[in-house]
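In the two assemblies presented below, chain A is common to both, partnered first by chain B and then by chain C.
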Partner chain A sequence: MDMLLIAELSINGVFVGLMYALVAAGIVLIYKTSGIANLAQGALAMMGGYAAWAFATLAGLPIWLWLPAALVAMFFAGALLERLALRRMVGQPIIMVIMLTLGIEIMLRGILPGFFGSSVKRLDIGIPTTPLFVGELFLNRATLIGGAVSLATILLAILFFNSRLGIIMRAVSDDQTASWSVGIKVERAIALAWGLSAVMATIAGVLWGATQGVDWSLSLLLIKALAIAILGGLDSLPGVVIAGIIVGLAESLATGIVDPIVGGGTRDVVASVIIVLTLILRPHGLFGREHIERV
Partner chain B sequence: MSLLTLNNIEVVYDSVFLAVKGVSIEVPDGGLVALLGANGAGKSTILKVISGLLKPERGLVTRGQVRFAGEDILALDPPERVRRGLVHVLEGRRVFEHLTPEENLLAATSMHRDRARIRQLVDEMFSLFPRLAERNKAKAGYLSGGEQQMLAIARALMTQPKLILLDEPSLGLAPFLVDEIFDTIRRINAESGTAVLLVEQNAVAALDVAQSAYLIEQGRIVMSGTAEVLKSNPDIQQAYLGGSSQVDYHAVKHYRRRKRWLA
Partner chain C sequence: MTIKRRTFLAGSAAAAIASQFPIRLASAQDNVIRFSMPQDFTRVYTFVTAEYSQGQRDYLTLINERGGINGHRFVADVSDHGNDLPRAIEAYERAKSEGAVLVDPLSTPVARALVPRALEDKINMITAFSGRSDAADGSVFPYVLPLSPNYWTQAGLLIDYFRQVDGDLSGKKICFVHIDTPFGKEPLPILEKLAESQGFELLAFPYTPPGNDQSAIWPQVRRARPDWIMFWGAGVGQTVALTEAIRNGLPMDRLSSSVWLSESDMEVVGAAQAAGVMKVEPCVSGREPRLIQDILAEVVGAGKGAGPEDKVGTSYYNYGVMLASLMVEGVRVAFEKAPDGPVTGEWLNAGLRAITGFDAEGLIPPTTITPEDHQGGGQARIGRWDGEKFVAETDWFSANQDVVWEEIRKYSAEFKETGQ
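Let's turn to the complex of A and B:
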């Protein structure tokens, strides 16, 4: 086997994995605060991509304006989604809430391309398309930058969870009644989590939009993100980074090495195999929060 | 003037079960009042009426008023009531298990803006409960029952309350820890002038620290008065304080001794 090819696949895989991880981090953020697995995260990323495209192309803004505009708009979209849809479900069985988020995912997948047109939209964030040669390695510039930005965003999120506001949000995820009893505005904390999660989805949507264009298929990121979130442990941000790298690597190597043998199509199998295997072998994921039991 | 007044409160759970049947209670400024009674008497429900935590349990106040510091607070949501100065330490401690003790304390400061003041409050709590400072590396879920109870009380104090509602602080604790907890409660009440409304099954310990007490049975107040009066009441002694020390078994009647109030 060609070592150079493997090195190339690995490096690109790691950075693609980090870009997946950013979507997964949004799922973790909401799970960490409200205990709900948000299945609309892929659609939020797609929506973020469309929002960025709308501000950039329809409104014709320069990048230093359309990017913040898209992030702010999506923050409120996320918070509004929680306010209008999710908050009504308080006290309902958890499965109903998860089904609701899945419904939102499917609905957005239909509505947004229907509204903006289903052709692929180009989103330019100023990354040159020429590949980068490091020694003899042939690397994708957009992926490298995308992976680095994703990692930085996730690190910011980790820092955030250690701030006082972050502690309050973790308290909400631990015990909502107790949070209420010490004066935490639980509803507001959860709405904030949804807003921040939508912001992270938007960053991911923009990065992916810049590499593959904006269309409905951005929402398919949900599957990879779910695989990563489940492997990482659903409530661990560092877990998401590690799991993201694992999934990215596995996918990239599978495409590069197994595809020529079986004739293609392994890329999308990898994520689903990881979901199934994790759930069977280690349901809490690699870094999932342990259930505390005093002896 | 009294800090907290409950006037003729009625509570219905699930629209059918009348759990509290017209209860009126007063807690004076800086007072330490105990609410005694057996399981299911409605003690915890009354605390939840005051703190507003009844709603998540499908309970509803169908009659009566709750006035705190001269204001009607029944329409306020729980976080708003905490901001007015009343805080509820829930039964079973309910610390944030995956947070460290210090993070538990910080989580209760959402109403404070001043960072230096928050720091100072945390330090105060750690000097009040040195054991929490020692265990600050561990997640709160791994603390012992007594440590968790102290953390729950410290967490409530972080909100700087005028009134603290304590629900069964002695639940599941060893006797020497019960003494320690009650000693702490007395100190908090005496030193900072924080009023305390204490719900307890451990009537002996509660009547030792409280100034006055109410006795609740089946959702009604059946007796109230100063702690001394209640302690010396023969019915209370018989039913809640373990009776007199010598029992003459020849004189024991073959029917159950009736309480002298109607329940």
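Let's turn to the complex of A and C:
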């Protein structure tokens, strides 16, 4: 076994996992506030990527302008989505709300490539493509920077949940009726969560867009994000960091070790196996809160 | 409400007449040759379809503007099947009822599903760069026409080019990075045979579709220290492969791919950084060929272009022109053979299978389609990206056709026996 290759794959896997974790963090953010598993998070990442590309290429803005413009636009897009679609579902069974988010995912995946054109778009955030070697060890600059930015964003989200506004959102998550009764504007808190989640999705969309280009396939990030959110615990932001590292490592090592043995690409199987095993063995994930129904 | 017998019979008669209407409508349109082009504009083949279709439509407009062929004008029925089999079959049946003599679905799963229908209905199905590679055997697939080098041929061409450059491939190491789908795995049998006969080591690296994350693949390729690398995918898989190869510091002039690499891919990757990478070119790319110049002058210049002007002359646009020109040449030959028609699938088939030495005014290699060989000789050339455009690295050539045809006959015989 080539230990240097294992080391390369491991380091790369950790950082790729952190990039996936950023998409998962958006799912957790919404779940923590409104109790909904948002299946449109992959499409929001794709939408963020397209928004960034549109501001960068169509509007011709420099990066210091297009990036904030995309983040602000997507914050309002997320909040608007909650206001126009999700809020109308108040009182409906939770499965219908989740189906609605799935419908939004499918709709965005159809509309955006149709509107912007279906070819892959270039999104340049200035990461050099020249190889980076530390001794004989190869490090992928794009995933290194992407993983670091993702980790920083998730840490900011954790800090945010300890701020006054974050505590309000946690209160909304714990008991919406009680929050209403003490004067918390529950709808506003949920809209804020959707807006912030869209911002996180945009950062993820930009990082992945810079790595692979912007096209519909960004929406496939949902599968990895779901695996990470389920493994880490749907209501745990620190959980997504740990789970992201586990999923990224497992995928990367599977590609290097299992693929040559079975003669096929096993990368996506890893995510599916993690989802299934977690749900069977520990449904609330590694760090999620176990919900106990009192009867 | 009750229905009287007379009302029922009258209604049934009206429905029966109405069901015949599309056929009568089609046959009433004198001097029209209908080509059906249900293609995937929205799902999997999005990376190519828009430009390919634009090239096809622009070429047909050029011919129509010049008066058509033998007084017949072309109608291109373009629709979106989204790589979805029920939608594609519906489009095919609609085309059949409207009198189409040719269908071009540009999708491997769709083409494979339509093979039995095309053979039974005697409607010519074009499967360029898609569909079954064994359809090159015209004796088994008379109405399925690839009209282009299949993936086995493309792999054989690249290996021969490596041999031409290195002199001998014995002891060399060739990495094959491919999407883990039937399309991606298709060249493997040919490559394995050539590895055995020419003495090179073949290392295959499959990646999960669609290939948007290959970061764990390319470090393995780099560490294998290959002499040559072939990457085999489409759309985002190709741009990611190329980007990761650059990030891993692999030499671009040892990197090559199939026909599925375009100028748009180079823009995504970074045109200058990708300089040196090679692809199989089934036709000339760029705007220099005479036909492209004619389209620019007579179609685009007249405001009748089917899409953005900046796409005219891209690789995939020219693929569209290439295939449309072969279809039209088939019509011309069919008229030579039977000037009075009638214009049917069988009539066109006789023309398509008798195309001889056609080069589309220098756009494509001299192509001869016979009742046995639907591939057209398996000629192409190697093009190299110079930072701005693909330039020819070789002249038109064919290679390793003995190995390729062995494989073609093996699978076509299996189809003949089992229908699979």
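Here, the second predicted complex is superposed on the first by the 290 of 295 C-alpha atoms of A that agree within 3 Å, B and C clash if a C-alpha of one lies under 4 Å from a C-alpha of the other, contacts with A are read in each partner's own complex, and residues count from 1 in each chain.
We take it that contacts are C-beta pairs under 8 Å (C-beta built on N, C-alpha and C of every residue); 3 or more make two chains touch, one makes a residue touch a chain.
All of these numbers come straight from a predicted model, not from anything done at the bench.
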{"item": "Which superposed partner A:A178 touches (first chain B, second chain C, both, neither)", "value": "first"}
{"item": "Touch count on chain A, higher of chain B and chain C", "value": "C"}
{"item": "Touching partner for A:R170 - first (chain B), second (chain C), both, neither", "value": "first"}
{"item": "Partner chain(s) touched by A:R282 [first = chain B, second = chain C, both, neither]", "value": "neither"}
{"item": "Touched partner set for A:R87, first chain B, second chain C, both or neither", "value": "neither"}
{"item": "Common ground on chain A, meaning residues reached by chain C in one complex and by chain B in the other", "value": "none"}
{"item": "Residues of chain A defined as touching chain C within the complex", "value": "2, 4-5, 8-9, 12-13, 16, 110, 113-114, 117-122, 124, 129-131, 138, 140-143, 208, 211-213, 215-218, 220, 251-252, 255-256, 259, 263-268"}
{"item": "Chain A - residues contacting chain B, complex", "value": "91, 164, 167-168, 170-171, 174-186, 289, 292, 294"}
{"item": "List of chain B residues in touch with chain A within their complex", "value": "51-53, 56, 78-79, 82-83, 87-90, 94-99, 103-104, 106-111, 118, 139, 141-142, 144, 155-156, 158-159"}
{"item": "Interface residues, chain C side, partner chain A - complex", "value": "41-42, 46-47, 49-50, 180, 204-210, 212-213, 215-217, 219-220, 222-223, 235-236, 239-240, 243-244, 246-249, 264-265, 267-270, 273"}
